[in-house]
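Here come two complexes built around subunit A, the first alongside subunit B, the second alongside subunit C.
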Partner chain A sequence: MPGTRWRDEEIVENLSSMDPDARLRALRAVKNQIIGNKTKKLSYVKLGAVPRIVEILATDSSVPLLVQSAAAVGSFACGTEEGVRAVLQSDVLSHMLKILSHKDDQVVQAVARSLKLIFNSTLAPRANMFEQNALSQLLQLLFSKNITVAEVAASVLARCCETPRQQSAIASAGAIPRLVHLLSLSTPKSQEAALDALASLTHSNSEISLALLDGPVVERICALLKDRNTRLRVLACSCLANMSRASSLPTARQHELAALALPVAVRLVGEGEGGFHEAPRVVAQLVSGNADMQKVACDAEVVPRLAKLLKKEYDLSPRLLETTLLALAALTERHEQSRKQLVQAKVLDKIVQALANNEQGVRISACKCCLSMSRSVKHLRTALVDSNMTQALLNLLTDGSTEVKEAAAATLCNMVLDFSPMKEQLLSSGGLRHLAVLAQAPQYVLRLNSMWALKNLLYLSKSPSKEAVMQSLSYTTMRQLLLNDVEEVQTANICGQRWRWLRVRVREHDKGSCTVQELTSECEGKETRGPQGLHSEFFMYGVQGVMRLNSWLGIYRTKGHSQTMKWQ
Partner chain B sequence: MGRGESSQKKTINKEEWEKKLSTIKIRKEDMNKLVMNFLVTEGFVEAAETFQKESGTSPGVDLSSVNDRMAIRKAVQSGQVEDAIEKVNDLNPEILEDRAQLFFHLQQQRLIELIRAGNVEEALEFAQEYLAPRGEENAAFLEELERTVALLAFEDTANSPVSELLEASQRQKTASELNAAILSSQCQEKESRLPNLLKMMLWAQNQLDDKVSFPKINDLITAKLEDVPAEG
Partner chain C sequence: MKSESDDRLTDWRNIFDNGKAFSLRSLRDGATSGIKSLYTGSSVTQEPQLYSGLPFNGMSDRLAGLEVPCSFLSVGQAFEGTQNVPQHSNTGCKEEAWKVHVRIQGCDLDQGYICGSMEALNVPSAKSSVVTFWEGEIVDNKNYNFFTSQHWGADRSTDLKHWSKFACFAPMKDAVTKDDMQNVDLVNCPYIFMRWKEKCFVNVGPDCGLTIAGFYYICFSRNDGSVDGFYYDPNSSPFQKLELRASCEGRFGHGFPSYSFR
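Here is the complex of A and B:
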């Protein structure tokens, strides 16, 4: 506004002006200042602009005012967490849903776009879209004659597929045939939105995936693998990856689809403006748990491509960083050549840096990468030691997030195997104490992973280490762990091994309450009672525990296979 | 190339070449799509409308959005950056939302225009309010910002080391970047396919020329087949 430049405070005041023209001018001014500008968003949030704009959206009826306020709300919801929170707190969703049935197309389009931006944030409550008639309203938009509106509706639906229940609700509301129709139009924009929704609907949903697998839509999606538009290729790969992983025993057709998608996905890594974060994710999905696919991807030189992404941190979004690390973790899971390529690409230091990233997801993926790499004894003893990974992982044991601690403890399981030089590093830098603390955590997986790491760490270790663990853990806690975790022992076989051994140690500590014979007979006795599977397991671990105890007592040395590498 | 090899270079005369060319069938719809792609990407809306009527080829986008795109490009080219930003945000508010670099370049262009108009005070205020925070986030932006603000330090900007910022080419650069972003938001390619095809044709001709003498196309406007040079 040349000449009549308002101050930001005046603009906010004018948002509630009695004069509709002044309101509109203020709205446009706010909107044009905040789009793309995080600093301005934050400052307008602080000035209290959001509730005033929502007020316009809720009460005004003029088309330009509704269009501009919807666009402004969408922009606030995009880019900053504070903005999203301010928008969600203002209860704007209910007003927006009301206006979705407005007779003016422009209004509907603006509101739908804004909804899409709100739902791009993970903070937006998906459940709202499944209450009352919200979903049927969205479906109406999806069937709108205005293709732009239909596209935006498809994009909103794509963001509302977080649980199998949500996916099924959308599918049973009849969205799929319409999405398939949008996919068949010649406009790339509608193809993209439809494919986005189909990819989200089939994600980890075998029912929907298998239903689509039988239809003619698969051919269309396969054809899009060759489209010139990179975004369409990424989404087509994502759909096919979902469908190919939909059954535990994939059919020949599913193998075929995965094999079609993989080379395309590999080539997409690092393409597009700043790279699509979906491409590495799709690669990860296609190769995880499948050594053959890991080999195919590795032969297609995907590791150097991903490594190149890691090296250009300048425009690497946290999400892309996370999926890149995930892909590297999946590729190096079982395939030694990929691990070699990763070491040769000289990005281990980037992975170690990522262990200290601000984003929780990045830290977890970096842990997974280290875990996969640690399965190679050769690299464990060379490149991984040199990378200072141990200290970075140790730091994560006191991380604020439980998931990160879980992942770090899981990774340390392999780092502390007897042949690993990191074992000493960990022992000397107080790793034992941290692990012992985590072994008492309320979360089962965290307890399990830390106990596992402790077990590997204590293998063939000297008594002072064992004493140190027992001091931190205390015999009382150990007893509690043993007694309370029995349920979980049934499902986590490996866990039992440790519990049993510890049980012996507890008994031993109690002096005279249990001898080797007593323990053996106790386990045998248990086998005769109760469910078969559980108690034969009890017996097994009891015996192993006895062997452990014997070696502890120096009766005879036995090199049992008490260390276990972590594979999950 | 060994001695005597050049005489082994095969020759295809014009008649033979035309015969070969005529065996290749190119679907008319594909040719039409190519033309439409050119018209839409380059922004010839009226021609595209007429062509759609006459050939029945779908433009693949809403032609009115092409008009908007052209108006936005023109606004930047004529220094009306703020106007261009408002128009882009009306066209699709998502375009500037997640393209930090483009957003920065537009703000930089606004600053350049303020400096060009001699509004020193306003320029400084603007740089501080809109550009400085971006520079804090990104070292490359900071460098560009410093270069731009340097314009204020020279009385005779035309002979300063940063004079190129005031040239028309700078506006053109910003306009092209914005145009490409709008196209990409509509799932369209930045460039029309025709120039690329021509480049490929020239490349293929050169490749073939190493082995065979044949009637080439040198003049792309008339697409006339040149005569094969006489042997010898």
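Here is the complex of A and C:
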């Protein structure tokens, strides 16, 4: 309407006008104003435009109104969290899913596009897509003759793979053959959507990964590693990384795929930062737990590339910061040269800063980085000391998040070793007390990590430290841990893993108590009768445990005890 | 849980019974290359060391599924002995010696890497004891061979001269000289050859009267953990001899320090 200029409030009013034309005009006005304009989006959200638009979507039947309202909803959901929240609060998803079966293609496309935008946000509730027949509707779209619609469906599906259950629901609904088909088309958009969905479906899902691994689709994905489109390369790397890590004992084929993907992923790090926080994550996935791959990646100079990203910290999204730290943690996990490169890149202070980041994920991956670095005796003595990370780690022991506490306790395990200059710092700032408290935590990993830290703290320690530990921990707790706790905590517990056997014996004989003396006599009574007159291995095994306990506890000073060991 | 520990024990019994299970197990575990597999073969024949030597860390490590070529290579293992420096003066040749304590603090057999600390106790020129941190290369013909890399300042002839001072090197000297590594039998050699290089002073400054410019050629006995070494530094007295024995540190073998990284 040339010449007429409505105020925003009037436009919002008109969204609920009885006149369909007025509604359409108002819709168009809103849509055009908010596109790419965060401030406008926010102001319309405040004026209450979103529920009115959703109302149109829910009740109107005219094609232009539906198309425009769907587009406007999508626009609100894009770019601002407030927008997404407003959209989701108005229960738009159920309406959109209903309209997906609309017979007009335009409507379906518009709705599907908006769905895609909504699902780009992490706020979108995935579970809704698995209720009633939403999934089958999406699947129908995936099989739509209209390729654009199919792409959108694939993109939405890609965002709905957060749990193994969701993944298998999508897979068993028959999505994979269609995705493979989409991948074989020559349009980059459909390839991207299909690859996105396949990458999400295979993520941490060995069943789907292994099923795909046998198919011809792998060749297709490998070919895309060389594609000019960066996004396609990232997604292809991601797919291959998932497949190559799908089995605990990788086959030669899986090794081959990982080796193909790694150099591509390394080159993608730092390239087009915007959407590609995936690249560091893929690198992390490909190299973690594999020293050879860590070496290959390190030789490809990936550490300085990641370090460069870290130095731009302020431009980094929390997600990219997190994945970058994860990649560095994976690279330095077992490979000393990578650690050296990381120190040389001078980013340790950035990592220490990240320990205090607001995002939980960032704090955890920063801990993992410190943990990997602390596996080097040399760096424990030098670079890590200079970085002042101990206080930051100690603070994390009382973090609000259990996962952060677990990661911090794990990192401390190596820093409390005898040759680490940080041991003293940790002890003098009350680290022992924190660890002793965590050793009684309800969460098993926390108990394991803190007991491990206590165990390492006692390595080559003198009696005062031993007494201090037992005072903080108390004998009651110690005894409980020995007798009642899950096996792994015992394995890590201060007596060393030999105790496990002792515990089995104790339980078998239904001993109520577990004094060292009792266990010792049990060892002697039951197990010395070895088949060849030698020490039986049972005996050795048990005695080792007792001895470790003795020397470790620093409490067992009964005279003549060592003579009862029948040492040869 | 029970069955697993039982399995381990059975495994162990086999080692005691016939000594074959161990190599079978390493095959099964897919050990491929490097010092682990190089040495596992003969560590079966070395088994009695577990009884003769007091520390039996190796046994515990093996139970944990970790295969070590020698129980004395475990982290936390201590050694003590002397370093002798031949002094050439006008009055003739007399020897100066000081006590040395060594502890292994890290060992990564896959990478042929070892590190630890070394404490020199009564060094005439130093006021207090001098602690240094060292890193070492294990000669495994995978990560490192007998010839020192350029940046440590020793050439082939220096290498051969020093290695030849160890009697146990004699059988392999010809092969090593000819670069014929196929015929260098490290698996059945009861010694492990290493190079230890001090990296930094821990408790004193660099002006403590000692130098760490050079490095040690080390011959490490897998039988009893004794260590022979020669210090090489073109600017110091030649062939300073390091002699160490595995130490129980007064614990009579009833406890032994060890740690594992998380």
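Things worth noting here:
In this text, the second predicted complex is superposed on the first by the 381 of 568 C-alpha atoms of A that agree within 3 Å, B and C clash if a C-alpha of one lies under 4 Å from a C-alpha of the other, contacts with A are read in each partner's own complex, and residues count from 1 in each chain.
Here, a contact is a pair of C-beta atoms (placed from the backbone, for glycine too) under 8 Å apart; a residue touches a chain by one contact, two chains touch by 3 or more.
Remember, predicted model here, so these are calculated numbers, not experimental data.
In the superposition on chain A, contact of A:Ala410 is made with subunit C only, not with subunit B. Applying the stated contact rule after C-alpha superposition, one finds that A:Arg113 touches subunit B and leaves subunit C untouched. When the two complexes are overlaid, the chain among subunit B and subunit C that reaches more residues of subunit A is C. In the superposed model, A:Leu371 lies in contact with subunit C only, and not with subunit B.
Legend: residue contacts after superposition of the two complexes on their common chain; A:Tyr44 is shown touching neither subunit B nor subunit C. Within the superposed three-chain model, A:Arg381 lies in touch with subunit C and out of touch with subunit B [touch as defined at top]. The contact surfaces that subunit B and subunit C form on subunit A in the two complexes do not overlap at any residue. Against subunit B, the residues of subunit A that register as touching in their complex are 2, 28, 31-32, 35-39, 71, 74-75, 78-79, 113, 117, 148, 186-189, 191-192, 228-229, 231-232, 273, 314. Residue ranges of subunit A in contact with subunit C, taken from their complex: 291, 336, 371, 374-378, 381-382, 410-411, 413-414, 417-419, 449, 452-453, 455-456, 459-460, 487, 496-498, 500-501, 504, 532, 534, 537-538, 540-541, 544, 547-548, 550-552, 562, 565, 567-568.
By the touch criterion stated above, subunit C contacts subunit A in their complex at residues 1-2, 5, 9, 12-13, 16, 51, 56, 59-60, 63-64, 76, 105-106, 108, 110-111, 113, 115, 117, 133, 135, 199-200, 202, 251-262. Across the interface of their complex, subunit A is touched by residues 58, 60-62, 82, 85-86, 89, 92-94, 96-100, 103, 130, 133, 140, 184, 186-189 of subunit B.
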